[in-house]
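Two complexes come next, and they have one chain in common, chain A, joined by chain B in the first and chain C in the second.
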Partner chain A sequence: MKKIIIVFFILLLCGCSDYKELNDLAIISTIGIDKDKDDYKICMEVLNTNKKDSKNYIIYSKGKTLNEAINKANDKSDKKIYGGHLNQLIVSKDIFNKKNTEIIDSFIRLTEVKDEIDLFLSKEDTACELLETSIKSNKESYKLLDNSLKYSSRSSNTNIDTYISNTLKYGIDPVISTIKKDKDNIVIDNIAITSNGKIIKYLNEKETIGYNFIRNEINNFSIPVKYKDKYMTIKINKSKTTNKAYKNKIIININIDAYITEYNLDLDLDDNKTISKLEKLTEKEIDKYIKEVIKLDNKSNFLGFKRMIYEDYKIKTNDYSISTNIKVNLKRKGELKRKI
Partner chain B sequence: MDIINELIKDNPDLKIRKLNINNKKIYIIYFESLCNSSSINEYILYPIENNNLNTYKKIINKLPSSNLLELNNKEDILLNLYSGFTLIYIDKKYISFETKEKLSSDITEASNEKGIKGPKDSFTENYQTNLGLIRKRIRSDKLKVIEHTLGKSSKTKLALIYMDNITNKKLVNDINEKIKKIDIDYIPNTNYILELISKKNYTLPNYLMTERPDLTSYHLMNGRCIILLENTIEVLILPSFFSDYIQNIDDYYQNTKNISITRIIRLLAFIISILTPSIYIALTTFNPETLPTSILINFSIQRSGVPFPSIIEAIILIISFEILREADARIPTLVSSSMSIVGALVLGEAAVNAGLISPIMIIVIALSSVASFLFNDIDVVNSIRIWKIIILLLSSFLGLYGLFIGSLLFLIKITSMSSFGYDYTLPIYPFSLKEQSNNIILTKKYKLNFRNKFLTKNKRR
Partner chain C sequence: MNLKIGNKEYSSILFFISETLFLSVGLSEILSLSKNDSIIAGIIGIILSFIFLYIVLKFNDYEKDLNIFEKIDKLYGKYIGTFINIVLVILSSFYFSYVLWSQNVYVQNKYLEETSPIITTLFFMLPVILLVRSNMKTISKVSIAIFFITILELLFSYFNLYPKIDFNNFKPILNTSFKDIIISSIKYASYSITPVIMLLTVSKNEIEYPKDLNKNLYIFNLISGIKFLLTISFLIGIFGIDLSKLFYYPEYSLMKKINTLNFIQNVQNILTVNSIYNLLISEVLSLYFIKTYFKYKNMNNIFLYIIIIILTFISINLFSNSTQGYNFIKNNIIYLYTIPIFILLIISNIKTRI
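For the complex of A and B:
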């Protein structure tokens, strides 16, 4: 009986410290950060949790610091602002170049917020404009661009966690994916590369694909291959990249399993020589993408080659050579579909 | 005749019939409420008058009866009278004949423990019938019965049944000694025996109580002891383990391979019924960051407008469900269908439409309650209810920590339980690899060839 009383009082004394009811929470999914002269101007997308009107809405707020702005937003909402499900952070270009460390710093200091927040840069419009368009276009989303990030090889996403670790590590610079307005919708744009905390260049489509080949992030990707004015399409099924550093030499090994999905060439596919010829052609095509992006290596360390040398040999060097070794394996096994 | 004259004062159903045969007085004494009058007429009165049986010796030799006794002392005379025997008083001696009226129900289908396959008969209130139902299944000279008479007033018969070549003798002696020490006035049901002979009273039952003779015989052949009591339809099987509730006698009548999945489902149902309400409360009120966003929005939309905190909502629903269940068990079957409609409508539709209770909470509580009904023993269902509420309260104070503290408490409790000297969580703790073939999974080889090695040394069938 004594035990029960003790347990009961322990429960009563420490109880409910973290208690919150679901319907008292304003669940935030996205925060956009803009500049308003010297102040921060933030907009938060609050997910709709009412039965009747089914639209997410935005809370605007201003402040000298980010935390002050978020705190002020609490006064404007009838529910408690809850950041446990914050998924995206959109930052305008202007404010990112000036205050990126402060923004990132204040977000990792919030205990309620998780580390894996996707980071986006808005190149042309302000962050709040993007957020407004997003809410107008789709009613029930809680992730702006979830699917296009997952399945696209023309983009790459960074979250706060990797951004910080890449900033702090020697020899590698973080990249940020950008988003833009496309009529009434939000679409993903090319990657922005940084150097010393400043955005120095936006990659074009080819460079982005090359970047993803080197970072082993290719999926769901088809390459058109040209041969004597006619095209065939190669669909990459599996791509595996292993990069290795040998003192001052970096070798990029790419192994690709691929299928032919569209074929307009005049060559005979039954011939084994044709297949190896086509494999060579594809390899050359992929090599073009990679060459394109390696050119930019002198501007920024976003490919992380210096880091690779540093990790293996503990040498800080600017003098290294890069060679690529691409192997494409065209798969020939297949099933004949029966006519129904 | 002094004894009888004394007795007749306050017992209006005691009948005394005087016969005068060849100038000799014969008294026939019986309880009208306990005896079958047609058998008295047929087997006692008719032969005596027809054959002029007027001496003690003649009656002993000529009366057609299989169960005939001479009685000398007062206690025997009273016991026989109260047990439905008819006494004949002649030459200052008492002779007793069995003329019992059948005062119990027939052998019917088991109503509390339903099965899909297998025999359907169940125990009755009659002691001899019950013993017969077991003997019918095990026709062996190794089947031993130790009989006791318990209760100072009730004089209830009790049988301790075991297999001589299989059951652990230490277990039999242990239980027998404990039964001998029982000192009680009246025993209404079998669970009295259990509470009299075991010191501790756990919430989860460490015994099996069944009305199915096939289950009883199966466990008898696996080295367990059976306690059979007069006037009840339930039989005690000792010892018993947690796994007995995951297993069911039906399992052995069905395809062995498919049964493993059924048992996994039963185990899942046990876990679901204990933990779902507390997991829901812990996740939504303390740790909403662990839920996927889409589920969180769904829950939040459903909870919008509900005036109560989640825990109050859960407790209201649990209590009203338990009230419904209790009412359903007591109400006559004629009214029960209309009541279940009212219950479903009031608790389900109307409460949600009125915005008092969120639909998701109804789903959670209904799931947990339905899952607990996979176990046909009401003691298990009630024990699940207690643990469900304990863990629910803990997690409503402490969130996921409370959930884990509660689950740990439950694990500590059942691992420290024992049933008549055997660990309750056999064969998981203490672990035995071989016994796993009849724990959650069941193998054909084990089913046909082996007995539980913890219970008996005679392992091979």
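For the complex of A and C:
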């Protein structure tokens, strides 16, 4: 037994030779990557672990390669830069189009960095400007963006390994969330679609929602539905998309459980015909979102339809039609039988 | 006091040694070769591994009171027997050096980037020497203890990784040539079963309930196979084959994905420690194999320690870089290790019948 205990202790204590105190580490939560002529300019948000009330701070650096820039940043800091808690990567659009795979490659190679880093594109300002804004507003950018991603259907979460995995696969192009400055804050914006590693279009809100419906990523979403100049609001409780591929056809099946959260129509909610009518209206409304985004399928494979046909039939084709089949089930009608 | 080696404890060693060659070589090689059909290759490989294991165990059933060196001497006579035994000891020494080198590369890559390989090697060699100095009973006890820890770690990992699987990633299936699937399965069977020959360093009658030994070894081989299939399934299901085949250490990258309740993160170093256990047991067993031969030839223990020191220092600089090392193993291990050993076992099995 003694020998077994000694074996375990020796194995577990091997790492003590190069240990680092927490106070000696500069823990990075977000990295912004910009272009500076042909070089990389990076800015790293460092979590302040020393004093409770003090703000996070930024370390800036430049380099011909990303790792050179990170290495130089180490020289500017009195602490060792530690990427184990890196949560977000913000890349400016200028450098993204030129070097996106190089950037992701270098982060995947770093052992201490996890693969599930959220990837963002800054389409208007530079990545460092966005980080500075978040520091000035005294909010930790990673918490702010993380929460927005969790509860929004107007964006889509892309982490670096999903991005690179979709880049490598036949028939699907990755998308990337964008962020922008909104007064003194940074906020999540719609998504950007790529083709052959280049940003080709920024989706508008409707297209982004349509994309999320197709990719089964709808989350916390309410739809205003119009009937005879009056509106009601349908809140989607549960949405399940099952896309079916045939050799030359894609069928998008969406089943939605929803309920009414706001009602200004003159129809009586106690009537079964009204409920059917409202369900049909909602289905039409959702169909509009989807049709909007399907139009873009010829520009990029971001919806992954070619991939689906390839997965099921092992054929590479551009010749297919897309149809939708949406079924809304109004589960609850709220507290009131009709409008007040 | 019961001096016999526990049956299940001894059999559990097979679980560790059958996985050692998959670290950085076997797993990524099979993924690259049979792509989405790696699971099918794995299933065929497991069936083949039972056939390979049957050949090893058939030889073990001959003269149950003798260890492998004594059996070979008895079968082939003094001169040829000694030659074969020396070849086996040389193969075992190379296996030890490679495993220690591979462990160094792995530790440098993933755990202790800044620590000198000499320090990690020396620290790692302390428990190895401690175990080699003891007997097979202690080695078996350590093996079964870490087997249960490994199983708990794996269950925790699989439970946490399951929700991340995208089942579309498994498609398209049967898109790889049959030849590649068969080559992968042969590689699986050879990588997992060839090192098992070192288990024969103990005679069958030194083990408790020797009649049940074969059954338990088959069971542990099956557990090892299931673990391999699950690892491949999680890799393809989570990363997709195109990304999975790029990793040098796919299992480590897989464990990086664990994020339970948003606070159990960065646990890959703990959860992949079973790879270190595989390496530890393999190193101990290969040195114990050499020790048994020295003991059989009545050589002084000092020679064993000299050999261990020489092999340890050789291992640090065995290959100039990891690409060269892994390519050497990929291209040569079947010809230099598997084929000679299985030719020996098959001829021996035929000879025992005559």
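Criterion: the second predicted complex is superposed on the first by the 307 of 340 C-alpha atoms of A that agree within 3 Å, B and C clash if a C-alpha of one lies under 4 Å from a C-alpha of the other, contacts with A are read in each partner's own complex, and residues count from 1 in each chain.
To be clear about the criterion, a contact is a pair of C-beta atoms (placed from the backbone, for glycine too) under 8 Å apart; a residue touches a chain by one contact, two chains touch by 3 or more.
Just so you know, these numbers come straight off a predicted model, no measurement behind them.
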{"item": "Which of chain B and chain C A:G84 touches, first, second, both or neither", "value": "both"}
{"item": "Which superposed partner A:E21 touches (first chain B, second chain C, both, neither)", "value": "first"}
{"item": "Contacts of A:L47 with chain B and chain C, given as first, second, both or neither", "value": "first"}
{"item": "First (chain B), second (chain C), both or neither touched by A:E116", "value": "second"}
{"item": "Contacts of A:L168 with chain B and chain C, given as first, second, both or neither", "value": "second"}
{"item": "First (chain B), second (chain C), both or neither touched by A:N220", "value": "neither"}
{"item": "On chain A, the residue positions that both chain B and chain C contact, one per complex", "value": "11, 14-15, 18, 84-85, 114"}
{"item": "Chain B-facing residues of chain A, complex", "value": "11-12, 14-16, 18-23, 25, 27, 29, 47-51, 82, 84-85, 87, 112, 114, 142-143"}
{"item": "Residue numbers on chain B that touch chain A, as the complex places them", "value": "284-286, 288-289, 293-294, 296-297, 299-301, 303-306, 309-310, 393-394, 397-399"}
{"item": "Chain C contact footprint on chain A (complex, rising order)", "value": "3-4, 6-7, 10-11, 13-15, 17-18, 84-85, 111, 114-116, 161, 164-165, 168-169, 308, 310-314"}
{"item": "Chain A-touching residues of chain C, taken from the complex the two chains share", "value": "107, 109-115, 119-120, 123-124, 126-127, 130-131, 134, 138, 141-142, 145, 168, 171-172, 175, 239-240, 242-243, 246, 253, 256-257, 259, 265-266, 276, 280"}
